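Here the chain labels run A, B, C and D in written order, and each chain numbers its own residues starting at 1.
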Amino acid sequence: MEKKNTPLLEMRNIKKDFFGNQVLTDINITLGEGEVLGLCGENGAGKSTLMKILFGMDVIRETGGYEGEILLNGQPVHFETPFDALAAGIGMVHQEFSLIPGFTATENILLNREPKKRNVVSEVFGDRLDTLDYNQMTGRAETAIEKMGFQVDKSMVINEMPVGHKQFTEIARELSKDQLKLLILDEPTAVLTEKEAEALLESIRSMSKNGIAVIFITHRLHEILSVCDKVVVMRDGFVVKDIPAKETNVSEISKWMVGRNIDTAASAGVRDKSDGKTIMSIRRLWVDMPGEIVRDVSLDVKEGEILGIGGLAGQGKLGIPNGIMGLYEAGGTVELDGKPIPLNSPRKCLDASLAFVSEDRRGVGLLLDETLEWNVAFPAMQVQDKFLKNYLGGLIKWRDEKAIREITERYIDELAIKCTSSKQKAKELSGGNQQKICLAKAFALEPKFLFVSEPTRGIDVGAKALVLEALRRFNRESGVTVVMISSELEELRQVCDRIAIVSGGKIAGIRPATDPSEEFGMLMVSMVK
Amino acid sequence: MNEPLYKTDLTLRDRLRSFVNSFGLPRLIIAAFLLMLYIAAPFVGAGFWMQISNTINRFSWNAIMVLAMVPMIHSGCGLNFGLPLGIISGLLGATLSIEFGFTGGLSFLMAILIATPIAIILGMGYGWLLNKIKGGEMMIATYVGFSSVSFMCMMWLLLPYHSPTMVWGFAGKGLRTTISLEGFYDKVLANFLQINIGSLSIPTGTLLFFALLAFAMWAFLHTKTGTAMTAVGSNPTFARAAGVNVDRMRLLSVVLSTWLAAIGILVYEQGFGFIQLYMAPFYMALPAVSAILIGGASVNKASIANVIIGTFLFQGIVTMTPTVMNNMIHMDMSEVIRVVASQGMILYALTRRTEASK
Amino acid sequence: MSNKTRRILFCTGAVLLLVLIAGLMFIVGRGHTVYLDNKTLEYNGQTYSAMHKIEVVQNGKTLTKLNKRERGMATNIGQNFKITLIVTKEKKGAEETREIQLKLPYSMDGIIINLPAYLAGLPQEAYLSEFISAAEQEPEPEEALPTEDEFGISTDMDSTPQG
Amino acid sequence: MKNKSFGAKLLSFVRDNTVPIMFVLICAFCIPLSGFSFSYLLNEIITRMGRNIFLILALLIPIMSGMGLNFGMTLGAMAGEIALIFVSDWQIWGIPGVILAMILSIPISVLLGTFCGKILNMAKGREMITSYIISFFMNGIYQLIVLYMMGSIIPISHFSVKLPRGYGIRNTVSLLNMRQCIDNLLAIRTNGVKIPVLTFLIIGVLCLFIVWFRRTKLGQDMRAVGQDMNVARDAGINVERTRIISIVISTVLAGFGMILYLQNMGNIATYSSHSQIGMFCIAALLVGGASVDRASIGNVFLGVILFHTMFIVAPKAGAQITGDSMIGEYFRVFVSYGVITLSLIMYETKKRRQKSQMGLQLQREQMEEGAK
């Protein structure tokens, strides 16, 4: 079903930056009617930003729009809102479900597009008082479900559906739109069972036969190969490869995904501590962190090393530190220095000289409305009774403002934190400086063992280098064992001694940081769920 | 991501606007209104010093109940609409102290001593409940207050009180709706070191007592535990990640608030001269809530200064409006103004975005 | 767009209909208290003496029986006042049934109708006069305003309208 | 398996209907103690049903659109009262008076409802406490209008309505001339029980309206907004406007309900009639088994019957037990507040109970895997 003359969709020289941070550069994609395009790339490669541009999402407009041109059937288009995109025949199924929990599948499929019947009252008060035409609703839902080719009970309430069926309901909703010409599926198989995923691929094939083009984003590369006409691989905001699916294979794709043009060698200072003392041993850990579920992880951390944990988003790498530190419900056993650490109790972890810099800076890491002093000193004060003056034989533990200011100013100097004073509110700092405050907070605890989660997320290049350098120095000078979790493999390779890759909630493998990127790339997609 | 803003090149108008925004328009209106009342007072013949001493008096009665709002705001439990629960503990303390035959200043001390364990027990139950329903505190607090007041209405009738000063004369049982404190602790604090200059009279003792509690609260907020409590209110997840037991901090704040409410009502009674039972505590939370909000607090931030300013402004309006307005336009619109101002203030605070900024 | 104009048309139509009904109710629903006097009246030098007894019947129900110098009361919604009088002119005289129907002036709340004058067929200004309530003239002692507690919020739970 | 599921069913039935079952027990206990005759009780309950159901039905629509219990229905009650004050000032009597008052209340209700809806949109997530405070705030404005502006700025002249001082409305305004005019029309009286047929017909029409309304586009939108605002917004539904409309409808209905209520009572307590009406209606609805996010017409009827039975018998029963009639009075007030408290607590705990289920599932999965 390929028409060579005018492609359905053409994206030309798309560029996008977020506040000077270039995330997309010169993206060119063409897609014919009924074609299936597989889009893959690491997290942060720019896939979702590209799709957001195509779908006219508000964030794009709010952050200054984009450059370049989008042509639909040869006509240039510019979508201000998702509704414009919908009207032009583009549908999108997001990763998060967008369904009304108490409605039936039919009601959800036709949400806000219900067929209506006029009546006396609606003549006076407007068409919102038209009654719904339930017969026609059922009919249209049925047609859409048939078109999809996977049977979903149309009268079942979403709440009671298995997850996979919810996903299919979303797809049916897009299919019920008559004008639909292009469907974007953002990791639709992540929540499906194997059987359902197979059914989804089948229904993609049938859509394509009906002339609907599909952009299919997934980390399961074999799916791409089995269903797509062509594959587009993105990395760091560039399209690195645009190739017919028939001409490639899984290992090639994963290499393109992680490989860098200039393969930055792993840091010179990689140390082999494999015969060192095991400081932390994790056995059969499970963590219920929504979106980052960990299943049955066992891992040993050697004293004094920097261990990296990498992997694709949603595969569970973030769940490991959050579970051990007691922020999310977890089970299994964790031992530090041979002593077991009780799970689900942040206090016990901190008492055992563990510290954690959370990836959720604003939600978990900082007291945004309080001063830097409070932010830096608070955990150390609460856990180790530092920065306190004792009166009446320890009965009254008075805050020692002077000591707090001193320590804060020390870290402001050491980490080169840009601020007006140590009394400034944390919310007034920039992202990079906030991150440094989070580090300072952990350093002030003087831990034996430090978890750092996504330390460079959302901060600019200069700040990134400073933060990583601070971490490395902290490890080298104080001999503290560091476990660093990051989505950016190159960053891990720069700083870490060993890197563990998490995939599908499990450890897919541990390699020295000196191994080539492709090795890690294969591990990342190996057990994707 | 934004570098800190340096507000140097702003025009006067911008500055004014940002000042109004940070201070809150309703608050500004209320303060201006009160100022106007004070300016107008001498012209319409209402004695200025009389008004001032009235305001100070009422300030001294009410300030502790407003202070009771502080701990729960700090720990993120929101405005304590459940204040009546604490008030009930105070009322139980007061009536039991009289029932046991204490008189004079001792009865006040005993009332506090008896009310304390009751307030702690009720506060713990209340706090436990609020920990179960995080996020919906304010509405449930309101109704916990209402239910407890109406439950105590039955209890005042049923509990075996016998003191003839308190029970209905003809039935010999069941407490009266108002009980005079003459001979008990009527004005025990107010009369201590009272200053009288002309028509200005200052209840030094009561003010000192409030200052003592306010200082204790201020000091508490500077201790390790107080710091933890503030952090819990500011960002509970942060506090949890820093090893603070969030639920225990919240519980402690509720107990503190309940206890302060109990003490607050006792101080109120000693100034007012009567114990009011039955439905009297029903709406007592609302004036305290609006007072602290008028003073500049928000649903999750409050300081001792907010308490003092707020109580003063609120009580100023309460005492000034009837006399001044009456003299000015010959209409007693004071209730209306009071209701609109105080409820309007609460409404304003509720519609502000109050989650910790993200 | 025609859809929109159509809607506006229907909308104004509905509002007009409501206003119309309201106007109609305003006229139809106006209530009057009619005081019926059986009293002797002097008019233009002539005396119209009171009847011995008048029985007033409204909607088939006997409202009152008026002896000499007595006053009865009837209420009426709307301006069409229709009653039946059973008149006994003199003691032991014959009963005479008279249906009377008269227009009440819209602006009057209370209306006094002198029956002997009416029955004698006098003009309206003779038999009809406005009733001025005593209560309206002498101001009552100031009513207690809603009771307020110390804080300006009514706590009168006991006066809940449920009871 | 089957008999076990019956037991489980019974348990879940009891758990879902704690409040109504509790009330049935209270009533069953109090009715014999009160010593009221059956026909007296029946008559009272039917009267109160006619009086209250319309008002309570006004609460259903905001619940449907996820705004919780509309404590702001007081605003509608105020609108109804203001309309009735005008109607009595103009001396419009009987059924025309009721109809005129209803028409008159519509613009006032719409105005107040829009105000309330706008404020509630600014306070998403804490609609209930906000609507509760709005009712207090508007009570202040109401007093300002009724006590100071009516007669001085707003023309009010009739002596039976106006205070003798020249402005302001009397503490009670008599509605003697329209008292029970609707209830009495077509009424059926048997064995000392009066059934106000017309009132019930009106209520029936409203019930039909609500059922019909649920099947309209607007009703569907409201249900969608009520369940997930963000999804509804993504689907192109104007969430804010839908929420405002839902409050406006509720306010208008509350205004009508208040007029029906007052025509039954026969007088307006100008400054207090509305103040507790919201609380009693909400309590009655909750007693009928409704919750903050789910309520049906059936809940309304059951609630009115149970709640008012308790209300009627409690004082007498209380007096029987303790010898003090006030106990029963206080008891019913306590129960009203207690029921609302309990329902709010159950609603909030249910919201967070669903958590931590996932953790258990993971643990189970891992154990199963380990066993393999």
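Everything that follows uses one rule, which is that a residue touches a chain if its C-beta (ideal position, glycine included) is under 8 Å from a C-beta of that chain, and two chains touch if they have at least 3 such contacts.
Quick caveat: nothing in here was measured; it's all calculated off a predicted structure.
Colleague: Taking the mean of all protein CA atoms as the centre, name the chain whose own CA mean is closest to it.
Modeller: Of all chains shown, the one whose C-alpha centroid lies nearest the global centroid is D.
Colleague: Which chain pair is joined by more contacting C-beta pairs, A-C or C-D?
Modeller: Taking the two pairs in turn, the one with more contacts turns out to be C-D.
Colleague: So what's the Cα centroid distance for subunit B and subunit C, whole Å?
Modeller: 55
Colleague: If you average the Cα atoms of subunit C and of subunit D to get two centres, how far apart are those centres in Å?
Modeller: Centre separation, subunit C to subunit D: 36 Å.
Colleague: Measuring centre to centre with CA averages, how many angstrom lie between subunit A and subunit C?
Modeller: Roughly 79 Å, centre to centre.
Colleague: Compute the distance, rounded to whole Å, between the mean C-alpha positions of subunit A and subunit B.
Modeller: Those two chain centres are 47 Å apart.
Colleague: So which stretches of subunit B touch two or more other chains?
Modeller: 286, 335, 338-339
Colleague: Residues touching two or more other chains, restricted to subunit D: which are they?
Modeller: Those would be 136, 143, 147, 333.
Colleague: What does subunit C use to touch subunit A in their complex?
Modeller: Checking each residue of subunit C against subunit A gives 6-7, 10-11, 13-14.
Colleague: Of all residues in subunit D, which touch subunit A in the complex?
Modeller: 212, 215-218, 220-221, 223-224, 227-228, 230-232, 234-237, 356, 358-359, 362-363, 365-366, 369-370
Colleague: Across the complex, what residues on subunit A touch subunit C?
Modeller: Contacts found on subunit A: 123-126.
Colleague: So in the complex, which bits of subunit C are touching subunit D?
Modeller: It is residues 18-19, 21-22, 24-26, 28-32, 75, 77, 109, 133, 135-136, 139-140, 142-146, 153-154, 156-162 of subunit C that touch subunit D.
Colleague: Under the stated contact criterion, what part of subunit D meets subunit C in this complex?
Modeller: 90-97, 99-100, 103-104, 106, 136, 143, 147, 158-160, 163-165, 170-171, 177, 261, 265, 269, 271-273, 275-277, 280, 311, 329, 333
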